[in-house]
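In the two assemblies presented below, chain A is common to both, partnered first by chain B and then by chain C.
Moving on to the complex of A and B:
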């Protein structure tokens, strides 16, 4: 009996807490993806690169002597106009053509190639790592956790709450939801639809950048750092339902928990196929994912 | 009253003309390739012939992406999966089992059918971006499994694939002869392009344009849309696997990179560059991309910026690609010729 409790306390629970930290990271990435898809119907293939850009902007700012805690607010703020400009100059022109799903996907794919190479030119291919400002660990319920991972869980929760409040409780959010539901009707009722589109894209981008900042101290910063997370983020968004905020959060927690627990029993190499297999099964049963788009009922 | 028959006749005539413009482009490409081979032989070159052979193999994979994107309207982000599986099975067969070219090719193709049937059945349940992301996931997951599996070489891949010859009815093609192998690949590519054009004009192939125009109406006149999509997915996978099987014969090795997203993405760039839905377009795209890479690559290793920039410009301004541009020119030329003859 004691052995079982020990096992739960020291192996299972700590693994689950660790999974929660990874889950927070994945959910932050998935939120940006799902918001952009929910409103614009755009699959942002460059999301992983925006995440990397967040990490590199952080490194640049730290190099200039800016405090890490300031960067957490500063980097997403800097990425907002960047995302806004990309939406207005590149996505808007092809947005009204026939197959915008495919065209915008191709466009963001082209962006991802350029960004990857640009980051390599500017910062070099080697990983950089900012100083961890929360070293050491603490004990909760007898489980030892690195402080920074605890901070990540808390920050993830706060960001999810903030995004939820922004979309469901503010004027801006009401406009976003109305535009997602019926952009022509929203437009004729005075919602500045184009502005909202660009603003939402910028919001998604800055969320990706924010995850880049928050994850930098534990995962290091390098030009292709987005690749490690992007498949998981896509999987989470698909299982949760493209364009659903609740779906992204729930699927994010669920899948990362499964991954964390499964990796106790099977080799980590096989956890990814397992998660992907779950996604395929969800799609076979419910081709549109577990939850619907926001703005739709 | 609208004369439906005359409209249909006119549409058909337009299609015929468009196709003969494409045929002319294909003939031009074949001629240019033969001239290139001749020059290469005269200059006793190996490097550029090998490069061109690789471009032709990649062109095969681009054709497979175009069959899905341009003909069926499905964007696959993981076609490299079948290319890579073909390459791995070919390498393993050549090393461990047999060195008979035709046996290897037939086995790889036969293996690709059931695998793609299962994958296609699942992926085609969902459409649009879901399909794109599922195919993306297939390739990512399987490449990562292979990357971590010792018995198939893990991250190192498999080296030391033996050099074989291709037995043909009257003669043999030794694979280490660059000119012969290049010409062989050229014949295969042109034959596949012609065969696919023929296929597009059969009752089977004519379903796909109809599907793109109105997918919802087809079931009412008795077509099972999903079955046609799955059939095309299998055909595309078979073509990708076939050219994958040729890859280790040319390069002598395989590596997990063959299945990575970079490969699928490259094929996609070739398709967009050359012209979606034309089948010959991706071949031109593959040649051009290879040329751009080797020219820009000789100045800087950061050729991706240039390629990405060209790609974005194409998506924004020339979604029909090079073939779309050429086709208009050739069609205008042909119309003028015809008018001259008539007058």
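Moving on to the complex of A and C:
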């Protein structure tokens, strides 16, 4: 019995706590993606690049002497008008054609390639890393955990709560949900649908930018960093249900915990095919994901 | 090697005058197939700077056999499949006379086969895998940089001098270079009397190593050896520091793990790291000092690392061999390259005929206060190792 408790405390729990920190990172990426797909019905292949842009804007601001903690609020704020502009000028014109999914997929895919190269040209290919302002680690119930990862778990939780409150407890959120449910009806009731669309896209990508800021001290900033999380984010969104915030959070936690615990028994490399295998099974058995559609979740 | 005004004026005069003619002014096309995107972009950038600096200097002093060198770039993305396609394009469409720039050992081996099919020569200035001039050697492939075995020999010699025995844990990226580099150092280490504590491999481009640290901690090593490179190494080191895995442990690794391209991003987490290399910007020779200065100017402030220096040296080997043979035709050039000695910022290198591997003096270097200092030196003959190539 003692051996089992010992195992749970020193090996399993520490692995699970670490999985939670990674989960916080993945959920932040997946949130923006699920909001954009849930409402706008746009598959944003450039989501990873907005994550990268967030990281690079952070480095630029740090270079100008702005404090890291201020940047956490400043970078998403700077990305909002950027996302708004992209939605109004690039996505809306092609939105009303019949094959919207393919067109927006191609458009955002093209954007991702352009952004990657722009970042490489402007900032160079070398990796950059902001200073970790919470170095060292602490012992929680006998588990050693780096302080910054603990901060990530807390920040992730706060962000999820804030986004949930925004979507479900504010006027703006109500307008967003109504436009997702029935665009024409909402429009005829006075909801400025085009504005809402652009605003939601802006919200989604600024969440991605925020993840870029928060994760930069541990994952570094470099032009192709968008690829790091995009596959995992899409998997979480698909398993959780396109458009469902609860789904994204729960699927995010579930999948990263599976990855963390499985890493104890099989080589960590094999945990990725395992996760994608789960995604495939979910697509076969319940294609709308665990929690269904936006406006309902 | 340094251009002077008279030679430049004369060369430009000749070029302008012969602009209308065909033969002598025909440039020699050097294909450069190197990662311009992806996780090894930083290495491709050093290769590019080194080659461009050498081409500029050689062209300014008259070119090779009176012909100017022209570099044609393609992005290999450090992916052997992509590299073979782009190599075919360089050989058959661009009709390059020589190919270089491959970084990933997998890419070098694959492109070597393409070079054989196209009866053209190629050289790598970066790839570490011993197989390239060993079990998988090719008559059309040359290597001017130190391979994993040579670096391992230098590092093992330093480690033996530092401590009599230790448990060594091995970590590497999961592909040809990563696995081969670890295997080679393991041989050097175990034959020097060190114990193996375990090994683990992560996919190329892996972002979070915390899942691997459980195994590492359980093994309680005294020394951690890693063959990670580029951005993967930055993440590994900073995360090892974050989790306290590297505390009290001597971290050593391959020559490509910590370079001027990623040392700044690593910051404090790279302190105390030791590796065996064929080049250091600190080598105390007039030639190296001149090279470092010219490189800094061309790269707008970045120091050359082993990739930049070896790439720079390659074009001078090409020039020396071509002028010795009087031609760049494949068979003649191959014979001429074998056995050639030439001057590089690292000193004199010699191209061993038996396996097309360059012999050179090796160094053990340590990171102190954010930059490398030279810890010890091993002569070329001791470090180069056996000729394992049986094909020619």
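The working rule: the second predicted complex is superposed on the first by the 295 of 297 C-alpha atoms of A that agree within 3 Å, B and C clash if a C-alpha of one lies under 4 Å from a C-alpha of the other, contacts with A are read in each partner's own complex, and residues count from 1 in each chain.
The rule we apply is simple: a residue touches a chain if its C-beta (ideal position, glycine included) is under 8 Å from a C-beta of that chain, and two chains touch if they have at least 3 such contacts.
Note that the structure is a prediction, hence the values are computed from the model and not measured.
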Three-chain arrangement built on chain A, chain B and chain C clash or fit: clash
Touching partner for A:269 - first (chain B), second (chain C), both, neither: both
Which superposed partner A:226 touches (first chain B, second chain C, both, neither): neither
Which superposed partner A:120 touches (first chain B, second chain C, both, neither): both
Partner chain in contact with A:18 - chain B first, chain C second, else both or neither: second
Partner chain(s) touched by A:209 [first = chain B, second = chain C, both, neither]: neither
Partner chain in contact with A:199 - chain B first, chain C second, else both or neither: neither
Touched partner set for A:242, first chain B, second chain C, both or neither: first
Touching partner for A:101 - first (chain B), second (chain C), both, neither: first
Overlapping contact positions on chain A, where the chain C interface meets the chain B interface: 116, 120, 227, 269, 272
Partner chain B, residues of chain A touching it in the complex: 37, 43, 90, 93-94, 97, 99, 101-103, 105-107, 109-114, 116-118, 120-121, 227, 231, 234-235, 238, 242, 269-270, 272-273, 276, 279-280, 283-284, 287-288
Partner chain C, residues of chain A touching it in the complex: 11, 14-15, 18, 21-22, 116, 120, 124-129, 131-132, 135, 137, 144, 146, 148-149, 218-220, 222-224, 227-229, 259-260, 263-264, 267-269, 271-272
Chain B residues touching chain A - in the complex, by the definition given at the top: 69, 73, 75, 122, 125-126, 128-130, 132-134, 136-137, 140-141, 144-145, 148-149, 261, 265, 268, 272, 302, 304-305, 307-309, 311-312, 315-316, 319
Partner chain A, residues of chain C touching it in the complex: 37-39, 41-42, 44-45, 174, 200-203, 205, 207-208, 210-212, 214, 230-231, 234-235, 238-239, 242-244, 261-262, 264-267
